[in-house]
Amino acid sequence: MNLASHADFIVAAYGAAAAILGVLILWVMFDYRALRRTLAEFEDEGVTRRSDHTARSPL
Amino acid sequence: MKALAALFMRDVRIAMRAGGGASVAVLFFLIVVTLTPFAVGPDLPLLKRIGPAMLWIGALLASLLALDRLLAADRDDGSLDLLGMTAMPLELAVAVKGLAHWLTTGLPLAIAAPLFALFLNVDGSAGFAVALTLLAGTPALTFFGLIGAALTVTLRRGGLLLSVLVLPLTIPVLIFGVAASNAAIAGPLDFGTPFTILCALSLISFVIGPFAAAMALRHGQE
Amino acid sequence: MADSLSLAAEDLVCRRGGREVFSGLHFTLSSGQALAVTGRNGAGKSSLLRMIAGLLRIEAGRLVLSGGDLDGDLERSIGEEAHYLGHQDALKPSLSVIENLEFWSAWLGRAELGGGECRAALGAVGLETLGRLPAAYLSAGQKRRLSLARLVAIPRPIWLLDEPSSALDAAAQTTLLVLMREHLAKGGMILAATHAAIGIDGIRELRIGPAA
Amino acid sequence: MALIDYANPSKFLSFADRVLPWLIGCAALALAFGINQVYGAPDDYQQGATVKIMFVHVPAAWLAMFGWGVMSIAALGTLVWRHPLADVAGKAAAPVGAAFTLTCLVTGSLWGRPMWGTYWVWDARLTSVFILFLMYLGVIALWRTIDEPSRAARAAAILTLAGAVNLPIIKFSVDWWNTLHQPASVLRLGGPTIHPDLLAPLLIMAFALALLFFALHLAVMRNEILRRRVRTMHLLQAQAAPGS
């Protein structure tokens, strides 16, 4: 059992780990940006949460 | 044509969005496959021998259980009434719904099959052979299943009855699906014959399923 | 809808579950007219509307739609010329308000419709700000308004309304009234099953079932 | 108590915004150092170079179980203490835990291939991790199915706790099932005896991946709080329109 014969499996294992965790990281990042964008759009449309701006709230 | 495309897109969207349940069918498939070794033991040669059969049974149950809500959801919210109020034949509407359903449940099952096959010691090309037979056979499961879905909608009884009604209809699909898989993996039979029959079953179901389902819906209206 | 249409029922019979709900029903309705279908619960108001919509089998008798450009076109059923507003709203909670409406206008509409009709219809029922909102967030009254938008977005001569004012607040009932008057003015027909009075001038009443 | 201070979602958000960059930086540094250590680690006399897979496989297995532990504590927070952030913490732990479980499974499978000659063997340890993975997927599916967050939180909490109680039973049953069918001749992955030279890189990698776990968990929690804000905005928008 030498390194040469199994190096591909070791690289594949680390690559797979990086890929799985990388996908999770990318999902988190894109999700965060999309959510921030949606919230900003609400801000532009003038919809606000009462707890943020009690005075301005029309309700 | 535009109307049919709109219906197709609507069903695909509903299935893909949160709570749509497209991924749950794949999960169910995985769990059925996983249960096998706990029942028969982790005996690799045995698992390899029964692997294609278990994959087929898992895919069969997963695609049937997912059919339960296909027409019932439209009945419950009144959409089914409106779907019938156009010049478009109900058969086409049902066929398009079936296609969208196959795309969101049947196709993922076939795609997942080579991966899940590894758990049953069916690896490499054998796994892809099973996936190929599932690709050819799952449309038949969906479209024969449509008949049961339409009947249970009008009878207003859910899930279990659907399976009881439809499973007998799917036996030929199972026979030729597993036969084609085994032929591809081990021989000695020819792969082409059962596979061609499997494709033929899918084509037949594509004709019979929507017609019978639409007929059941029309006669069931009260 | 410039050509005058008329819908006639001759000796209609409705049977459900072996029980005769009504029989010998006659009425005629022409363009620009409205008919209020009244009667006690179980008299068959909803059944009559569903029968006209083609959702319920006609046991005996005839329903004829004549006039306009329909005479040569026997293939067309009355259901294709009618809007049915039942108790259910036919909305998918996971789709947005505009997606729901656009689907129904693509499915039920005959002519090529642009996105404009749907936007305008949302405006007509007061939901123009909620286009992107998933229908799951709507209140019962707003869902009802969205169903009404369907009738506005897709032109069809016959409106079959089953208890149209249920779940609607006073403002929405006014909106509904305005929409119904506009529809009649354009030569449409309305059949409404209702308990309450509908404030439309010249509406006729069709009382079905035994007198209460 | 710090936990009470951060019960307010707005405060928690600013806390997450402050802490996350540091946490991510530390995790990246620790991972770089850990991988460097792994590169220099000696081969195992029995398993050769493939033992290097252990340095990511075993920490991933630990974090897979740790993730369920986090979810269980959060579930108690939801059901017993009704802590406002417990729902969010429980929901956020599920995808992170599932990702580490999947990492453990895939690396185990790639380790098993040269050892056993096949990608998957129903080894007792791997099988238990696999069942854990299925349970994670079940919890995620439940979260996705129920629309209303607090109702989903309670349902998921009950499922999580039922899973936590069942996990030892499952582990015991799988061990029993496995020994019943095959004598313990198969080489086990990540067995209990570890050479000291291998222990140091293993612990460093475990520490680094744990930091990554915390960073991801915090980031997903932050997303979840934002998602709930979007939901609140939607509801407010619907309320502001006529006919509500």
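Order of writing sets the labels: A, B, C and D. Residues in every chain begin at 1.
Just so it is clear, a contact is a pair of C-beta atoms (placed from the backbone, for glycine too) under 8 Å apart; a residue touches a chain by one contact, two chains touch by 3 or more.
Quantities reported herein were computed from a predicted structural model and do not represent experimental measurements.
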{"item": "Central chain of the complex, centres being mean CA coordinates", "value": "B"}
{"item": "Chain pair whose interface holds the most contacting C-beta pairs", "value": "A-D"}
{"item": "Most widely separated chain from subunit C, with each centre as the mean of CA atoms", "value": "D"}
{"item": "Computed distance of Cα centres, subunit C from subunit A, in Å", "value": "46"}
{"item": "Centre distance in Å when subunit C and subunit D are each reduced to the mean of their C-alpha atoms", "value": "54"}
{"item": "Cα-centroid distance, subunit A relative to subunit B, in whole angstrom", "value": "34"}
{"item": "Overlap residues in subunit B, where contacts from two or more other chains coincide", "value": "18-19"}
{"item": "Residue list for subunit A, restricted to those that touch at least two other chains", "value": "none"}
{"item": "Numbers and ranges of subunit D residues touching at least 2 other chains", "value": "147, 237, 239-240"}
{"item": "Chain contact topology (line, ring, star, complete or other)", "value": "other"}
{"item": "Those chain pairs that satisfy the touch definition", "value": "A-D, B-C, B-D, C-D"}
{"item": "Residues on subunit B engaged by subunit D in the complex (per definition of touch)", "value": "18-19, 21, 23-24, 27, 30-31, 34, 37-38, 41-44, 118-119, 121, 123"}
{"item": "In the complex with subunit C, residue positions of subunit B that touch it", "value": "2-3, 5-7, 9-10, 13-14, 17-20, 76-79, 81-88, 221-222"}
{"item": "Interface residues, subunit D side, partner subunit C - complex", "value": "147, 234-235, 237-244"}
{"item": "Subunit D residues touching subunit B - in the complex, by the definition given at the top", "value": "109, 118-122, 127, 130-131, 134, 137-138, 141, 144-147, 177-178, 180-182"}
{"item": "Interface residues, subunit C side, partner subunit D - complex", "value": "93, 126-127, 129-130, 133-134, 136-139, 141-142, 144-145, 168-169, 171-172"}
